[in-house]
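Both complexes below contain subunit A, partnered by subunit B and then by subunit C.
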Partner chain A sequence: MEILFWLLPIPLFFLFGLRLPLLTEIAILALFALSLDLILGYAGIVSLGHAAFFGLGAYTAGLLAVHGWGEPITGLLAAGAVATAAGFVSSFLVLRGSDLTRLMVTLAISMMLLEAANRLAWLTGGADGLYGVTMWPIFGIFEFDLYGHTAYWYSVIVLFISFVALRAIVNSPFGLALRGVKGNPLRMRAIGAPVNRHLVKAFTIGAGFAGIAGGLLAQATQFVSLDVLAFHRSAEALLVLVIGGSGAVYGGILGAAAFRVLQEWLSGITPQYWQFWLGAGLIVLVLFARGGLIGLWRALVRRLHRTRDEEAR
Partner chain B sequence: MSVILETNGLSRRFGGLRAVGNVTFALQDGARQALIGPNGAGKTTYINLLTGVVPPSEGRITFLGEDITRLSPEARVRRGIVRTFQINQLFDEMTPLEAVALAVLERDGKARAMWRPLASHHEALDEAAGLLASLGLADAMEVPTAEISYGRRRLLEICVALACRPRLLLLDEPAAGVPEHERNDIMNTVANLPRTVSVLLIEHDMDLVFRFAERIAVLVGGELLVEGTPDEVANDIRVKEAYLGESLDAPAA
Partner chain C sequence: MLKGMFTIAAAATLLGAAVTAQVQAQESVQVGLVLPMTGPFASTGRQVEAGARLYMQQHGDEVGGRKIELIVKDDGGVADQTKRIAQELVVREGADVLAGFGLTPLAMATAPIATQARVPMIVMAAATSSITEKSPFIVRSSFTLPQAALGIARWAAENGITEAATLVSDYAPGHDAADAFRKVFEEAGGTVIEQAAVPLKDPDFAPYLQRIRDAGPQGLFVFVPSGVGSLLMKQFDERGLDDAGIKLIATGDVTDDDILDQMGDVALGAITAQHYSAAHDSPENKEFVDAFKEANGNSRPNFMAVGGYDGMHLVYEALKATDGETGEALVEAMKGLSWESPRGPVSIDPETRDIVQDIYIREVKEQDGELYNVEFDRIEQVKDPVKADWSQQF
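Moving on, here comes the complex of A and B:
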């Protein structure tokens, strides 16, 4: 089942050859949502400003390429490293307070970065965006082509590698500890767990992967705009987790695909009102499928198992 | 016998209310000590002071000769002061096996490990399974915590605490609200603990208290009224007064 899922990008490539940029965007959004899921779905840290780390990664990768270092893989690692460092430092601010404070602080951090990027136009291009991002071929072989073939495969592979790493983390003892912190911090302290250290670590790692997602966007589209730091980007990742299901690694991927496809489709048929329909759909989902798509999928699997058990009896 | 825990003039005020007042008390290593007193006497607050969840207004706490008054709750757990809660504090989203394994992993500093799957940490999982089995919870290991009976969830609460390898176990009303037929399981578990674990038991059921305790401390209005053997306490006129004529064999209100 999982192997089939990860083979999907191949038929998709041939079926939707002309829509590859959309598929690439979905992969990037999925990675961004996955990084938020570690923080929100597993560690239980609410955030309205996850775009801060996405944007830092995007500008890092973009600026490196503009200033003469267009090597994609090291550029991506640099994007992740800068976001990781920023995540580590800001985690101490974010984790101090209650949920409400955390919402405010994360939002404030992303808004400050947005304002800074806007002011530092000499560096970031400001509102015009950062032009002149030229990427070297991956491994010196695969050129980023006009059709977006390379960008597509590159994004899918980075998503896959990050997915494997994040899944290893959530299935490890550390992942169990995060579930403990989210489930009952009082009990976690009573078994001597370093609750805050666990949270700092989760926030830092989540920020790092968000940076990689941002770097990926800059490299794949060869452009960075202020948009990478905007509030709607943080909100989008939250919506994706609502749709796909949080605290479940596949939730981010399913949610990203459903969200972008729905957005495309709705904005095609009702250009003015698509946000309304998206909102209506979300309300239905929250009312009838709290666990998102992944929750529906699990309920379906459970029901299938149950009927099979009953037939066997 | 040596003293494992000592509090000197320990007090805690909440606004104008003195929940714990000037408690000077020593617990012997290997003790089977009960702490009783009417509702609101400050028993839970005293445990919160010992575990560091609530800082004291005055006084000192010494554990194994070390002043731990300012130590963080985590650091105290690592030194061996472990508690259970009056109201279950469990991980509803985990199985008992996961919950106990998590306590084992945290104790050994292995809950930081990120790259090996939990399933490959056999030592921790085996230890957790053994501990659950020794408390008669073997068949509940993989059942969602929320689906286990209340009495067995109380046992799980103790099991999680034991996984931390306590030197001093603080039990806050472990049998409260547990139906009669499950009470014995809990008290047998407590009675069978090795002497390397000192126990301070808060309990309202006087049958259980007198069956278990070798010494009893009585807290009233935040102050330590009497401390002595069960006989001394049962015959103390002040204790009888404090319970306002209630018989000590009946559970206090």
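Moving on, here comes the complex of A and C:
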């Protein structure tokens, strides 16, 4: 089943060969949502400012390329490293408070970074965006082309590797401990688990992967604008998790695909009012499918099993 | 076996797509219009689209033996979206012309696509001077901010203002406007005593206006993008800058025709410089305004609408000249075109691919119970002063 899922990019490539930029964007959004899911869905830290790390990664990768280092893979690693460091430092601020304070602190951090990027126009290009990002070919062979072939495969492979890493993390003892913390932090503390250290670790890792997603966007579009830090990025990742289902590794990917495809389809039909229909769709989803698409899928599987069991009896 | 079948199926699909794309290309010219139709700059998108559609309605959808098809896409004013949409329009829809671009960053992000795909890109709204230098395929049908700022700076210097302050939105067009104003104004003997740059998104002008009031200039030069002007006017009034004897002078973006009438009496007497006013007195403009109002529920066209309208004119005239050929030939055919637009006589500078036009000095007055920018002076055939030699503009 899972192998089938990860083979999907191949037929998609052939079937939608002219829509690759959209598919690339879905892969990037999926990675961003996955990184938020580690923080929100597994560790239970609510965040309204995850775009801070996405944006840091994007600017890191973008600035490296502008200033003469256009090698994509090292650029991506640098983006991840910078975001990881920022995530580690800010985690202490974020984890001090309760849920409501965390919302505000994460929001504040992303707003501060946004304002800083706006002010530092000599470095970031300010509201005009960072112009002149030129990427070298990957491994010196695959050039970023107009059809977006390279950007597509590059993003899908990065998403896959990150996915494998993140899944290993959530299935490790550390991941289980995180779920314990989310379920009942007092009890976890009582049995002697280092709750705070776990949370710091989760937040830092989540920030790092968000940075990689941001770097990926900068490299694939060869442009960075202030929007990478904007509130709507953070909100979008949350929406994706609501649609796909949080606390499940495939939730982010399904959600990202559903969200972007829906957005593209609706805005094609009605460029002016698509947001209304998207909102209406979301409300229906929240009312009738609590656990998102993953929740629907699980309910379906459960029902199938039950009928099979009943037939067996 | 399965894999083999799969490859065949995929190849067939691709081939099919390629064939349909080619058939379409021979039949019609696809104009991809990428605009912010949602978000804070939605009014820009609405106006440009309405202008472009009006042109097609008036001139038919066939030119040079080919049918024109307009594909409108919303980018929400987000630069990476604009770029992706433009990229998809080129590779998927086979767009022959890219057009629209509501804000400078959106145009800047898309410029490499135009160059890579060798597709003409018509900037119908964004107004930073340097945009046309980012790709040899860019042609502009709107205006550049230095053009407008130059007009108002000269008027201010000639009309008793010796000390002025500037307040602009903090992005490239804003800096362009402030720099141009300062250059022309100081060359004419004035001094700029205070300069403020306000964030582009969710601006609050009050603290900046207070600081300017305290500095006490005779005039305040303002540029904010289309749509934000009414907030500025309101806060200008609330902070009592009017009573402090500070004259509001601005580029026409501030007293945008789209929102001018709702601003109320605060706006009365504001002096602005720009290339288009719905009150421009010419038969071409009267026809344009009447048709626009009829097609758009009686709402008034603004300078964005005329940018969309003239942008389509460029496509039509160039296609006539090339007999339906697109690509580089189309850009070549646009260079040097000149015509009578609703805004007045205009032409495309063959060297810079930027628009050359009259800049009008206007005052906000009441006409037939509505507020209009009434033109009372003009500077003829202004080239973009940043790319042209500044001295030629005096």
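Worth pointing out:
As a working rule, the second predicted complex is superposed on the first by the 313 of 313 C-alpha atoms of A that agree within 3 Å, B and C clash if a C-alpha of one lies under 4 Å from a C-alpha of the other, contacts with A are read in each partner's own complex, and residues count from 1 in each chain.
Throughout what follows, a residue touches a chain if its C-beta (ideal position, glycine included) is under 8 Å from a C-beta of that chain, and two chains touch if they have at least 3 such contacts.
For clarity, every value in this text was computed on a predicted model and none was experimentally measured.
Once the complexes are laid over each other on subunit A, subunit B and subunit C both fit without any clash. Once the two complexes are laid over each other on the shared chain, residue contacts for A:Q272 go to subunit C alone; subunit B is not touched. In the superposition on chain A, contact is made by A:E25 with subunit C only, not with subunit B.
Angle at subunit A (Cα centre) between the Cα centres of subunit B and subunit C in the superposed arrangement: 140°, in steps of 10. Considering which of subunit B and subunit C touches more of subunit A, the answer is C.
Touch criterion met: A:A168 reaches subunit B, while subunit C stays clear of it. By the touch criterion defined above, A:R189 reaches subunit B but does not reach subunit C. In the superposition on chain A, contact of A:R308 is made with neither subunit B nor subunit C. Of the two partner chains placed by superposition, only subunit B is touched by A:A177; subunit C is not. Superposed on chain A, the gap between subunit B and subunit C at their nearest CA atoms measures out to 34 angstrom in whole units.
In the superposition on chain A, none of the residues of subunit A is touched both by subunit B in one structure and by subunit C in the other.
Across the interface of their complex, subunit C is touched by residues 11, 14-15, 17-19, 21-22, 25, 115, 118, 121, 126-129, 131, 146-148, 217, 221-223, 225, 227-228, 267-268, 271-272, 274-275 of subunit A. Remark: subunit B residues 51, 53, 73-74, 76-78, 82-83, 85, 89-94, 98-99, 101-103, 105-107, 110-119, 121, 124, 160-161, 163-164 touch subunit A in the complex.
Touching subunit A in their complex are the following residues of subunit C: 6, 9-10, 13-14, 17, 35, 37-38, 42, 45-46, 72-74, 78-80, 83-84, 87-88, 90-92, 104-105, 108-109, 112-113, 116-117, 128, 134, 169-172, 199-201. Interface residues of subunit A, counted against subunit B in their complex, comprise 168-169, 171-177, 179-180, 183-184, 186-195, 198, 201.
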